[in-house]
Amino acid sequence: MTKEQRFTVTRWIIFGLVALALIIPIVYNKYIKLPDTSSRVVKNIYDHIESLPEGSSIIMSIDFDPSSDEELRPMVMALLWHAFKKNLRVIGMTIWDAAAGGTLIDIFTTVAKEAKKQDGVDYAIMPFKPGSSAIILMLSQDIFAAYPQDYKKAETRDMPVFKGVKSIRDMKFAMCVSAGQAVDIWIVYGKEKGKMPLGAGCTGVMATDYYPYLQSKQLLGLMGGLGAAAQYEVLIDKRGTATDSMKPQTVVHALIIVLIIIGNIIYFINRQKT
Amino acid sequence: MIKRQIPLMIAFVMGILFIIQFFVPHQLSQDLLTGVNKWLMIIGGISLLLGINSLVHFHYVQIKRETPGWGFSLVMFLCFGLALVAGFLPSIVMWFVEPAKAGAEPVKWLSFIPLIPPFEPGSTLFWIFRNGISPFMATMFSMIGFFIASAAFRAFRARSLEATLLLIAAVIIMLGQTPIGQMLWQGIPDIMVWIFSVPNTAAKRAIWFGITMGTIAFSLRIIFGIERAYLGGTDQK
Amino acid sequence: MTVTPMQILEAWLAVGFTLMIYSFLYKDNPLFKLGEYMYVGLTAGWGVCSAWFNVVWPDLIEPLSRVFKSYLGATLDKPLSHNENLLLLIPLILGILMLTRFSPKLGWLSRYTFAFILGTASGIAIPLTVSANLFKQMEPTLKPLFGKDISAWMTVNTLLILIGVVSVLIYFFFSLEHKGIIKKVARIGIFYMMVSFGAAFGYTVMARESLAIGRMTKLVKWAGQDYYYASIILLVVIAGLIALLEMLSKKSKPADDSTG
Amino acid sequence: MMSYKLSVILTALIIILFLPALAHAQLTPPQEFRAFDTPNDDGKSLSLTWKVSLENDREGVYYVISAAASADGPWYQIDKTLSTIGYKSDFPQYFGFGDDNKLWHFYEASKIPDVMDPITSTAYFRLAVTDGTKTVEFPNMVSFAPQGNWFDKSKINILIFVIIFSSLILFFISLARRNPNLFIRHIPGLDAIEETIGRATEMGRPILYLNGLLDMSSLSTIASTSILGKVARKVANYDSQIKVPCYDPIVMSVCQEVVKEAYAEAGRPDAFKQDNIFFITNDQFAYAAAVDGLIVRHKPAANLYMGYYYAESLLIAETGAATGAMQIAGTDSITQLPFFITTCDYTLMGEELYAASAYLSREPLQLGSLKGQDISKAFIIFVLIIGTIVSTAESLFFIHLFKTF
């Protein structure tokens, strides 16, 4: 075999292995079990929610549109399910226009239905209001000034879900899940003025930009993409789409690492020969 | 003179104008920026004729000379024509139908064409996008999943200290991304966070600073006519 | 859930196109080439429609014709907006200057348009890059080394970032020869960059594989009974076709491996 | 002594604790209510300020702002804001970082065109304070006409740095005119281009050149076309072939012009083939598919990828690597650098892309600008070190200096 032919054959083998590593876990998804692990940045969020006493208020800002739905929806579903299971009171809001209808309301009503929670008592959904940073500043002073009514035009002041809550300072946790700039805005305005613990969720590609905020303790935890959602699904023991797609992911990652190791072994053997 | 000096002057004037524009909050200045951005899009739209001419010419020559594989060029033309017809036909039909609409009977034999403007759900062009273009797009994009494995296999060899660092960082992150990392060692996710917040941040910032300087210097070379490759002239006169 | 005939047709099309492109992983072959040419043709057509219906018609021809109509005294269905004016002649003229490239004699006129675009781009870039790249990166870099809320670990990290930024910048110096102390510092800069690139590579794997998983999941779905085993049948057909074409081309021209 | 201090503290505590209760009884009219043009804006808003007051600024109290198009009304309530938010200090882009900004309330009235006198474009304002039961008004009304501003003072820091860097670079360009012998270090990726072209000629195979996926109004693309000029000149000298598949028709036109001129300068205008610089399509992955096809079918001896790339970088460069071609990439797209580094023989990173055409041309003025760039980078290093020291000394000067709005 010439060098070029060897090269081609190696590529075929690699492509074949990748294809198998993808297809087998997809077809036999049910039979594969991943070890239950979680990284500290994700577990921090879980632990915090777990530590909150029943009836505490938290706020979730859902700031992505349908184009990032596949990556971020499982994360929000898992978080919300956890909060409902702990009997926390959850306020849902958005500072992104495109997230208001489909995404925010849809996720909240779906999960609430499953968890048998009541709108206005256990959770509330706020309408979209323009002026992202101004809204968050206002939330840190007076939540009823920012949102006098919920998305169904019901008076927020009268809702049991807001009992004992005046601003986000009274909230025990804020979580922003975003595919854009919303996390930055929450860090700068929400965390600075509201002083509550802040968690962030974002797409996998964006996550690296937020790691410095973990180091500086401005973020309590960070969830990046489906991987983090899968970890959370494991933590709350409610496995869903994210866990399913993590199986082929794990196999492919392992395959690539093994390939790198084999490549280096070949390299060192060849070097020894010459 | 008119071939060289005037373009250089245009570049200079536009360049200085838009440096100043950045610092002027006045409505006129904002209108100028949005206006010029729109103009650039319009120029691009008109210039597409040049591109299409180039594409059509290339494949026309293939077919005319009957070079091996000229049949593929024919397929290219068919698909190109299909998309064009799907895009333009409803509008053309509407153009003819609309003036007659007042009281006139709708043209029956044309009714099989959905009279929906292109780029709206339900139109034929949209169907072509969903079923003709997007499977190709998704497949090409997903092919990177295969290539990334073969690139990793070939490139990540511990040839030198630099290459070893590249390799180790990549492997740590890949481990940290999946449950395997934690199975091996609890600390891997923490190392991952550290790599992204310290060395990665430092390197990226410095590269950004460099790009800033490169951009300023390069822009100045264009504005002051030192860089004039686009005029053809590469020599400094 | 019932599958409509239309969905089945669409699934068969998608499977066919997907496998045609994936055949490139084996090697270049006529089926990939067919897919490639179809893809180029369709997107070129789509591009023309998009340029016409989204840009040239609504942003140039329609407003300009309204402007002329109003100058000719015709009544308009709604008054001219403030960006509907004769200034739109400028992009029209610049666009026409581009089209002079069709004529070998007048082609140089397109340089006016080039100069316009390049000059504008350069002018916009200078203040923008200072504000968006330099300032945005500078502010978080200038962190205090010590202070009451700053642990020793944070001090170390701040210092490491500072060393990294400086050494990478030194690597990029063009007028300093890489030898002596400069070489050592520049090498540290390279180390930082290599760690950063390796990390970014490793991190991107997941995003890219998720697309491959998405595609594979669809293929698996389309291999089912509801879609009349589209993936399986077409896989066999396409593999068979490639093998057949390969045998034919070997017979006709044994030594030549280029498909043109 | 001790008891004296204690009593002072106690008194202060009592005052602080009971002040709100005392104040609860009454509201005072807002003090020093003023209207003026909002600085640094396009002329669409007016600014209102008034003094912070101990009696008014507490929970449950709101300021009510009304506006009218004339002094006689009719008045419209335009906003009702919490008395505990909205200070001048929240808007350093208008008022800087001074401490006394905390003593002023600030309100930006941005929807005034509805309540503006259509001829003089003046708007009139009234201010009241209310706790829900009682309302007290500021005695007078204020008025002002908004104007568009011609200089954004909040961007003065950017202006200063633009001037510093530009003058450094221009100074070194002019210096190079007088003293053309400048030292520039070797850039291996660029030195390899010459060798590559020679190899391509020997093998009788073409060279592939890509300009990236952005249009002509991106500086990376401009830099790429300008490198193409230098490369094409060498290609013409070696009597080799260069193929440039393009993603954008304007980029294609510029490339045709650049390459044509390069052939003319090399004294071989007849060897220029316009059809070698062609347009494919402006769709990211269709372009990548076509370039992949081109690479495997024509097997170029060398692939040069200059400009800005997205995810398709690996699709193209990995295919190129599989054909065994020499590959040189240059990009300022940081996210794609790892993929070029792993698949190409040489990679120009970030600003090296912008320096490449100067390096290849060897023109003194161009090289002078590189020198200017270096000095600017040295200046940045200096600012970084000084800035860190100053920040450690708990001064916010540098943090404020690099603030953008």
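A, B, C and D are the chain letters, set down in written order, and residue numbers restart from 1 in every chain.
The definition used in the following text is that a residue touches a chain if its C-beta (ideal position, glycine included) is under 8 Å from a C-beta of that chain, and two chains touch if they have at least 3 such contacts.
Remember, it's a predicted structure, so these values are computed and weren't measured experimentally.
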{"item": "Farthest chain relative to chain D (centres taken as mean CA coordinates)", "value": "A"}
{"item": "Comparison of C-D and B-C by number of C-beta pairs in contact, larger one", "value": "B-C"}
{"item": "Distance from the mean Cα position of chain D to that of chain C, given in whole angstrom", "value": "21"}
{"item": "Centroid spacing, where centroids are CA-atom means, of chain B and chain C in whole angstrom", "value": "4"}
{"item": "Intercentroid distance (Cα basis), chain B paired with chain A, Å", "value": "29"}
{"item": "In chain D, residues with contacts to at least two other chains", "value": "155, 158-159, 162, 165-166, 217, 219, 222, 250, 253-254, 257, 280-283, 285-286, 289, 311, 322, 337, 339, 341-342, 349-352, 355, 370, 373, 377, 380"}
{"item": "Multi-partner residues of chain C (each touching 2 or more other chains)", "value": "21, 24-25, 27, 33, 35, 39-40, 42-44, 46-47, 98, 101, 111, 113-114, 117-118, 120-122, 124-127, 130-131, 134, 141, 157, 162, 165-166, 169, 172, 193, 197-201, 203-206, 208-209, 212-214, 216, 259-260"}
{"item": "Shared interface positions of chain A, touching two or more other chains", "value": "8, 11, 15, 18-19, 22, 208, 212, 215, 227, 249, 252-253, 256"}
{"item": "Pairwise touch network: line, ring, star, complete, or other", "value": "complete"}
{"item": "Chain A - residues contacting chain C, complex", "value": "8, 12, 15, 18-19, 22-23, 26-27, 70-71, 204-205, 208, 212, 215-216, 225-227, 245, 248-249, 252-253, 256"}
{"item": "Chain B contact footprint on chain C (complex, rising order)", "value": "10, 13-14, 17-18, 21-22, 24-25, 30, 33-35, 37-56, 59-60, 82-83, 87-88, 90-92, 94-96, 98-99, 101-102, 108, 111-131, 133-134, 137, 141, 157, 160-169, 172, 189-206, 208-209, 211-216, 259-260"}
{"item": "Chain D-facing residues of chain C, complex", "value": "21, 24, 27-28, 32-33, 35-36, 39-40, 42-44, 46-47, 98, 101, 110-111, 113-114, 117-118, 120-122, 124-127, 130-132, 134-136, 138-139, 141-147, 158, 162, 165-166, 169-170, 172-178, 193, 197-198, 200-201, 204, 208, 258-260"}
{"item": "Chain A-touching residues of chain D, taken from the complex the two chains share", "value": "81-82, 84-85, 90, 322, 324"}
{"item": "Chain B residues within the chain C interface of the complex", "value": "3, 6-8, 10-19, 21-23, 31, 33, 35-36, 38-50, 52-53, 55, 67-69, 72-73, 75-84, 86-88, 91, 117-119, 125, 128-133, 135-136, 138-146, 148, 152, 161-163, 165-174, 177, 192, 194-212, 215-216, 218-220, 222-223, 230-232"}
